[in-house]
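Next up: some structures, all given as C-alpha cells.
Next, two complexes with chain A in common: one pairs it with chain B, the other with chain C.
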Partner chain A sequence: MNVFAGSLDRPNSYIGRSVTRPNAKRLLEGKGRYVTDLILPRMLHAAFVRSPYAHGKIVAVNTEEARALSGVRAVFSGEDLSAICTPWIGTLDHFRNMKSPPQVPLALGKVTWSGQPVVLVVAESRAIAEDAAELVELEIEELPALADPVEAMSAEAISQGLDSNICFATKLDSGGVDEAFEAADLTVEQNFIFGRHTAVTLEPRAIVADYDPSENRLTAHHATQTPYQFQDVYSRHFGIPEANVRVVAPDVGGSFGMKLHVYHEEMAVVGASILLGRPVKYLADRMESFVSDIHARDHRVTARLAVGKDGRISGMDVDDITAIGPFSSYPRTSAVEGNQVVRLMGAPYDFSSYRANLSVVFQNKVQTSQYRAVGHPIACAVTECLVDAAARELSLDPFEMRARNLIPDNSYPRKSPTGYQFEKLSHEVCLARLRAIMNYDDLRREQAELRGKGILRGVGIALFVEITNPSPAFYGVGGARISAQDGAIVKLTPSGEVHCSISVTEQGQGTETIIGQIVADQLGVDRAKVRVMTGDTDTTPHGGATWACRGAGIGGETALQAARKLRNNLLFIAGLILQAKPGELDIREDWIVEAATGQQRISLPEVARIAFFRSDTLPPGTQAQLSVVHHYAPQGYPFAFTNGAQGCLVEVDAETGFVKILKHWVVEDCGRIINPLLVDEQIRGGVVQGLGAAFFEECLYNPEGQLTNGSLADYLVPMACEMPDIEIAHVETPTQDTELGAKGVGEAGTAAASAAAMNAVNDALAGQGAVLTQIPMTPTRILRALGSI
Partner chain B sequence: MNSRIAIALTINGEIVEALVAPRTTLTDFLRQDMQLTGTHTGCEMGVCGACLVLIDDRPVHACLMFAVQADGCVVETIEGLTSRKAIADLQKAFHERNALQCGFCTPGMLMSAYGLLSSGDVPSREEIRDTLSGNYCRCTGYEAIVDAIERTARDRQNTETREEA
Partner chain C sequence: MKARAFDYVRPHSVEEALQAFANADGDAAYIAGGQSLVPALALRLQAPALLIDIARLEELHGLSVIGDHLRIGAATRHFEILNSGLVRTHAPLLSKAASFVAHPAIRNRGTFGGSLALADPASEFPAMSLALGAEIEIASLAGNRSVAAADFFLGLYETALQPGEMIRAVHVPAATARTYCAFDELARRRGDYALVGSGINAEIDNGRIERIRIVFLAVGSTPVQAKNVENLLIGNCLTPELIRKAQETLEADLDPPGDEQTPAEMRMHLARVLLGRLLGRLEATP
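And then the complex of A and B:
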C-alpha cells in the first residue's frame, strides 16, 4: 500500500517536492570529476589501431616502428590480450536458440567491422600513443562486406563456427490474426525504416584501469552506469577475485544506455594495465565514439492493422528485421531491443489478435544494443503511424480513433496479446489531458486557416506504454549476472546526521537527489543533513544500478525501506533513553517527538551522542544498531509499465523539405512523482533525443560498410535553435507493488517523440499524396515523398 | 615535434609562464598542464562547445586554438569566472531551474551565456536558442537552459533599473 498521498504538509516531507540537486553545484563551477579528468601516478595512455575495412582477413601486423618510438611503453596484439582474458558471448538463455560469436579484446585473424580495434599502443602521453598507432602497419585482405540486413540474412555466415547470420528469431502468435484480417473492413499496411543513430554522450567513453600486482587488485575508474556489472565482468574474464576488483564511476558525462555495454577497448585497457602493472587511461575521441560506441535501432518493419469501419482495431501483424552488427553485445545482448519492439506493438489498444516475426541479423557494422527507450520508439511509431493511417482512411479524427480503441482505464489488471501484464494504466485520462493542454481544437482551426495561405502545419499525437522497474525476468532468468535488486546502507553519524550509500548510480538525472529526499523524508530530518553516495563498488552494496528506468522505482524503494529500518532502530534507542514506547515516538525536524502531540523530547544529535559515546548509560545488553544494510528486489509484476501521450506541432516547407518543430506536449504517468522538477527535465531530455531520431540523427553507411558521417560536424545532433518548448502534464497512478509507488520515467520522452513527430509531418503532408514511413525525416526524404525530387 | 616554445599568458587573473609543444591545443594545455579540468573536450573540432573559454573576454573554442596562439592573451575558464563571482547569478539560475544534468556541456553553456548577456540586453528566447546553437547538450533538451539564461537576463535588468531608480 502507498502511504504518501497528500502528505506534503508534514515537516521534512520531501517526496513529491521540487528540490534542487545538491551535487549539481560543483558541476556548475567546473569542479565535476569525470574519468576524463583523472590523472594517476605512473599512468600511461592508450590509443588503438582500428580496422579500416568492414570485413577482412588479417594477413600481417607490423608494430616494429611503433615500438621503437620514444615514449612508447608497450604495443599489444589480439594474441597478447586473449592470453589473459577469457572470451565473452552475448546471448541470453531465455532467448531460445540465440547465438553470437565469442568476443576477445582485440581482433584475432579477422576483422568484422570498420573501426574494430586491432592493436593497442600504450605510451607516456595520448599524443605519443597516437603517433605510434600511425606507425603500425596493418595488412588486411578485404572481404565483401555485408552491410544490408536483408542480404545478410541469406549470405554466408560472417563468423566462423556459426551456420548463418541469424542471431535470433522469434514468432509471437496469439491466434485469430488471419481471421481478423479476413473479416476486416479495412487493412492498412506500411513499410517502415528506422535508421541507425547513436548516443553521442558529451563525455565520450573513458576508463582508467589501475592494476596493482602486489595485491592482485584491479581498480577501474570507469565512466559507466553499471559499476557492479563491470566488477563482475572484469573479475570473471581476467580471473581476479571479485572482492579484489573495484569499479568507481565518478561524475559521468551522459550515458543513456550506451555506457553499460562491454566494449573491446575497455577490456583491452584493463588487460594492458594487468600486463604492465601500471594505470592505463583510455578516452575515446569523438571519431572513435562513432565507430565503436553502440549504435541504436536499425529496423525494417512491415506491419498491417485490421480495422472495422467503426474504427475498431481487430488485429495486427508485424515483421521486424533488425541488424545488430557482427555479434550480439555483452552481457545484455543485442536482441532485447527487437524483442521489445515486437512485444510493445499495439500496447495501448484493446484487441487480441496479434502476430509478429522478429529476425535479429548479423552484418558488418558496429554493434547495436540498448540505448534509451530500447525498442519503444519503433513499436510506438509503427503502431501510431498505422492508427493514423486507418483514421485518415475512415475520416476519423486521430483523438477519436484512439478513444475508440484504448484499453479502458477501468479494465485493469490486463494482459497484452504479447504476454505483458499491465497493473494499471491511464490511457483515457492521459489522452483527454493531452487534448486539453494542446488546445487541440484551436490548433486544427489554425491549421485550416494557414493551409488556405499555403502554409503546411501538421499536428501529430502518439500514445505509448513504457517498461520500467524490471524484475529478474529481464536478464536474470536468461543467465546474465545483472542484478534486479538494489542495496543501500543508511547510517547515523555521531553528530546525528545521515549517510546513505546506494547501488543506483548518477549520470545527472538526479538519482542522489531523490534518494536523499526519500531518506530525509522517512527519517524526519532536513535533507541538507543527508549525504548520498553512489558509484563505487567498494563502498556501496551490489545492485543493478541505473538502466531501464529503475533508479526511482527500485532504488527509491530500497532507500525507503532502509530508512524505515534505521528509523525503527533510532526510535528503539530513543525509547530506552526516554523510557517511552518507541511506537509512541516519531522523528520530526531532527528531533525525537511525541508522535501524538509533536512535543520535542530529545534531539537526534543527542541520541547519536549517547549511542556512540555513552553506550554505558544504556540498559545492559543494548547494542544500538546505527547503520542499516537493506536490499530490495522487485516482486509482484515482472515490470511496472507506465504510459502517456505526446503531441507534436510542425510546419513543413514543401519547397525545401525543411521542418520547423513548433511545439511538443507530453502527458506522462510514472506513478508516484518524487521530484517534479527532475521528472520534467527527464521527459524533456528524452523528447529531444526522440526528435533527434525523427529529424536529424542517422549513422550513414556506404555499401562497403563504411560509416560516412562519423564526426560531430557531419552527424546531426539536435541543437537549441531547432528544438521547441515542451509542455508537460502528469497523471499519477502509483504502483501498488511498492510502498513508494514510483515507476520509471527516463525513457518516456524518447519512447513516443519520434512517433508523434512522424504523425505530425504526415498530417502536414496529408492531401499532398506523401506519406513518410522512414526516420530521420530529412528534407531530402520529404521532397522525395512529395515527388519533388 | 617535441621542441617546446615559451609562452606567457594570463589565466584566471594569474600570470602563467610555460613551455608548450607547438601542437598542444589550448584545451589540452588548460586541462593537463594547468589542471583546469572544468574546460571539457567533446568533439575536438569546434562543434560541440564544451571547450569554450573566454579569450580577452569573448567565448572561444579552446580546442581550435594551439596553446602557443594564446601567448599574451587573457584567458578565463569556468574556474576563473566562478571564483571572481562573475556568473554567480547564472549559476544560481541554472541550479534552481535544473538547467543541467550530467554537467559536461555546462561550463561551455555558461561561457556562451556570459557572452550573450554581456551586452546587458534581455534577449528573446529565439536569440538565446540561436546563441546556444554552438553548444550541444544531450541531457536537458535545452529548454531549462533557455529559461535560466532568460531569467538571469531579466533579473540583471531589474537590478539595474532598481539601481538607477
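And then the complex of A and C:
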C-alpha cells in the first residue's frame, strides 16, 4: 500500500526534488575511474583474431609466428579455453521448445558470424598483442552465409545438433480474431521492417580479469550493469566457488542493456587469467564493438487491424519474424525482445481479439539481445502506424481516433489484449496533456499554411505502455539465476553520517543520486551526508542490479525500506538516551527532534558517538543496531506498467528526401518521480535513441553476412545538431504495490519516439502517395517511397 | 586499436623534412594535422616506419595575397580558412565550403595541404581547388614545381605527388567584382562527409556567364567537373528554363558510384537537385 506522503515542504524531503548528481563533478573533471583506467601489477593485455567470414569451417590455425614475437605471453585457441570453461546455452525454460547451440569462449571447428573471436593473444601490451594477432594465420573454408531471415527459416541449420534455424516460436490467440476481421468495416494492413542497430556506448566493453591461484580467487573488474549475474556465470562456468568470485563494476560509461550479456571475449579473458595466473585486460575497440556487441531489433512484421466505421478497433493480427544471431544470447536469451513485441502490441487500446505469431530465427550475424526498450519500439510503431493508417482512411484526427479506442483511465485494474495485467494507467490524461503542450491546433493550422507554399510538415503522435519492475516471472521462473530482488546495507557512521551500499548499479543514469535522495529523505538527514556505493559483489548484497527500468522501482523501494529500518533503530537508541518514547521522536536535519513540536533534542552525531564509543552509558542489555541489511522483492503485480504519449513534428524535403526533426514532445507517467531532473534526462536520452533508430542507426549487412558500416564514420549515431528540442510533461500515477510508488522511466523515451516519428513523416507525405513502414527512414527510402528514384 | 610501432621526427625546415623522407627509403609519411593519417595508422591501413611532422614548419604557414593570387600555406588549418577575412574576400568559395568540413575539433588541426594531398573525393577543399583553378606548389629535393588542380587529382586518394614530394602552398586566383559563387552539400549529419556536394565559381558580366566552373564532390574517384553543363551555360544568362536544362545535362557529366545506402541513381538525383539550387543562388563576392 502506498502510504508515502511525498510532500515537499518537510525538511530533508528529497523525494520529488531536482537535485544534482553528487558524482557529476568528478566525472566532468575527468576523474572517472573506468575499467580501462585500472593498471594492476603484472597485468597483461588481450587482443583477438576474428573470423573474416560469416560462416565457415576452421581448417587450420597457425599461431607459431605469433607465439615467437617478443612480448607475447600466450596464444590461446578454442580447445585451450574449452578445457576450463563449461559451455553456456541461452535458453529459458518458460519459452517452450526454445533451443540454442552451446557456446564456448573461442570458436571450435566452425565460425558462425563475421567477427567471431577465434584466437586470443595475450602480451605485455595491447600494441604487441595486436602485432602478434596480425601474425596468426587462419585457414577457414567459407560456407554459404545465411544473412536473410526468411531464407534462414527454411535453410539447413547453421548449428550441428539443431534441426532448423528456428530458435523459438510462439503463438498468442485470444480467440475471435477471424470473426472480428470478417465483421470489420475496415481492415488496415502493413508490412514493417525494423533495421538492426546497436548501443554505441561511450565506454566500450571492458574487463580486467585477475585470477589469484593461491586463493583460487577471481576478481573481475568488469564494465557491466549486472555484477551479480557475472559473479554467478564466472563461478559456475569456471568452477570457482561463488564466494571466491568478486565482480567489481567501477564507473561505467553507458550500457543501455548492451553490457548485460555474456560475451565470448570476456569469458576468454577470464579463462586466460586463470591459465596464466596474471591479470589480463581487454577493452573492445570501436571496430570490435560493432561486430561483437549485441545488436538489437531486426524485425519483419506484418500486421493488420480490424476497425469499425466509428473508428473502434475490434481486432489485431500480427506476424513477427525476428532474426537473431547464430545462437541465442546468455543468460537472458535473444527471444525476450520478440516475446515483448507480440505481447505489447495494441497495449493502450480497448479491444480483446488478438492473435500473434512469433518466429525467432538464427542467422550468420552477431548475436542480438536486450537493448533499451526491449521490443517496445516495434510494438509501439506497428500499433501506432496502423492506428494512424485507419484514422486516415476514416478521415479521423489522430487524437480523436485514439480517444475513441484507448483504455479509459477509470477502468483499471484490467488486462491488456495480450494478457498483461495493468494496475492503473493514465492514457486519457496523457493524451489531453500532449495535445495541450503541442499546441496541436496551431500546428495543424501552420501545416496547412506551409503546404500551400510547398513545404511538407508532418505531425505524428504515439501512445505507449512500458513494462517495468519485473518479478521473477521475467527470468527466475525460466531457470535463469537472475535476481528480481535487491538488497541494501544502510549504516550510521561514528560521525553520524550515513553509508548505503546497494545492489542496483550506476551507468550514468543517476542511480546513486536517487538512492541517496531516498535514504536521506527517509532518515531525515542532509543528502550531502549520505554516501552511496554500488557495483561490487563483495561489499553490496546480492541483487538484480539495473535493467528493465527496475533501479528506481525495486532498488528505490529497497533503499526506502532499509532506511526506515535504520531510522527505527536510531529512534530506539535515542529514546533510551533521552528517556523518551521512540514513537514521539523524529529525525529532521540530522537531529533527533520531538515529533510534535520539532524541538531539537540530540544530534545524530551525538547519538552515534554514544552508541559507538560509550555503549557503557546505555541501559544494560542494549545492543545498538547501527547497520541494517534489507532485501526487497516485488510482490503483487508481476510487472509494473508505465504509460505516456509522444508527439513529433518534422519537415520533409521532398526533393532530397531529407527530414528535419523540428520538435518532439513527451508526456510520461512513471509513477512517483524521485528526481524530475534525472527523469527528464532519461526521457530525452531515450527519445534521442528512438529518433536515432527512426532516422539514422542501422547495422547494414551484405548478402555474405559482412557488416558494411561497422565504424563511427559509417554507422550514424544521432548527433546534437540533428536533434530537436524535446519538451516534457509529467503525470504521476504511483503504483500501490510499493511505499515509494515509482515505476521506472529509463526506456519510455525510446519506446515511442520512432513510432511518433514514423507517423509524422507519413503525415507529411500524406497526399504524395508515399507511406514509409521501414526504419530508419533514410533519404533514399523516402525518395523511393515518393517514386523519385 | 593500436598503430604499429613507428619513429617520429620533427624537422626544422622543409629542406630537412624532404631529406628525412629521402633517408627513410620510402618507408615514411609526412604528418600534418594527422586527422586522416592517425586514424589510418590506428586501423593499420597504413604503417610507415617514420612519421615526419611538418605541421609546425613556419614556411608552410600563412595566408597572403601575391599579385592576383591568394597563397595558402600547406599547413594552414581548416579553421584559419574558415575565419580568414583574406579568404572571404579573395576566395569566398573556400570560405563557404570550409564550414562544411568536419567539426570544430577536426578543423582546429586538419590542414589545407593535408586535405589536398589526401585527395579524398568526398572532401571539400580538393574539389573547390579545382573549381577555383588553383595551382599547387610542390617542393622536392629535385626542386620546386607547380601543378594545376585539374592535373593534380588522378584517382581515389591518388595525386600527382611523387614519393617524398610535399605540398608547400596552394595558389588561388583571387576573386573579382564579377566573381559569383555558391557551395552546398547534402550530408546526413552536420559535419559528415557529404552524399553529394558541389561548388560553383563563375565570372558574370551584366548577368551573362563569361566563365564558370562547377565541381562536384563524392560522385566519383576524384572531384568531378561538370564540363557539359559549363559549356551549356557559358555565354548565357541564368533563367529557370536554362537551369532546368543544366540539370538535364548533368547526366552527361557525372557517373556516380552507388552502394546499398546511397545507390548511384540517388546520388545523381541529389546532384541534380543541388545543381538547380546552387545556380539559383550564386552570390557576388562580398
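We take it that the second predicted complex is superposed on the first by the 785 of 789 C-alpha atoms of A that agree within 3 Å, B and C clash if a C-alpha of one lies under 4 Å from a C-alpha of the other, contacts with A are read in each partner's own complex, and residues count from 1 in each chain.
Rule of thumb we're sticking to: contacts are C-beta pairs under 8 Å (C-beta built on N, C-alpha and C of every residue); 3 or more make two chains touch, one makes a residue touch a chain.
As the structure is a prediction and not an experimental result, all values here were calculated from the model.
Contacts of A:Glu130 after superposition on the shared chain: chain C is touched, whereas chain B is not. The partner of chain A that touches more of its residues, comparing chain B with chain C, is B.
In the superposed model, A:Gly685 makes contact with chain B only, not with chain C. Looking at the shared chain after the overlay, A:Thr656 reaches chain C, while chain B stays out of its contact range. When the two structures are aligned on the shared chain, A:Gln509 is found in touch with chain B, with no touch to chain C. In the overlay built on the shared chain, the residue A:Glu215 is in contact with neither chain B nor chain C. In the superposition on chain A, contact is made by A:Cys721 with both chain B and chain C.
In the superposed model, A:Leu28 makes contact with chain B only, not with chain C.
Once the two complexes are laid over each other on the shared chain, residue contacts for A:Gly253 go to chain B alone; chain C is not touched. In the superposed pair of complexes, A:Leu783 makes contact with chain C only, with no contact to chain B. Common to the chain B and chain C interfaces on chain A are residues 127, 131, 285-286, 713, 719, 721.
Those residues of chain A that touch chain C in the complex are listed here as 125-127, 130-131, 134, 285-287, 655-656, 658, 696, 700, 702, 708-709, 713, 716, 718-719, 721-722, 778-780, 783, 788-789. Of all the residues in chain A, the ones that touch chain B in their complex are 20-21, 24-25, 27-34, 36-37, 39, 127, 131, 199-204, 251-256, 285-286, 507-510, 677-678, 681, 684-689, 711-713, 717, 719-721, 723, 725-726, 749. On the chain C side of its complex with chain A, the touching residues are 1-5, 43-44, 186, 188-193, 195, 259-263, 265-266, 269-270, 273.
Those residues of chain B whose C-beta lies close enough to touch chain A in the complex are 1, 21, 23, 31-32, 35-45, 47-48, 50, 77-79, 82, 91, 94-96, 98, 100-107, 110, 125-126, 128-130, 132-133, 135-146.
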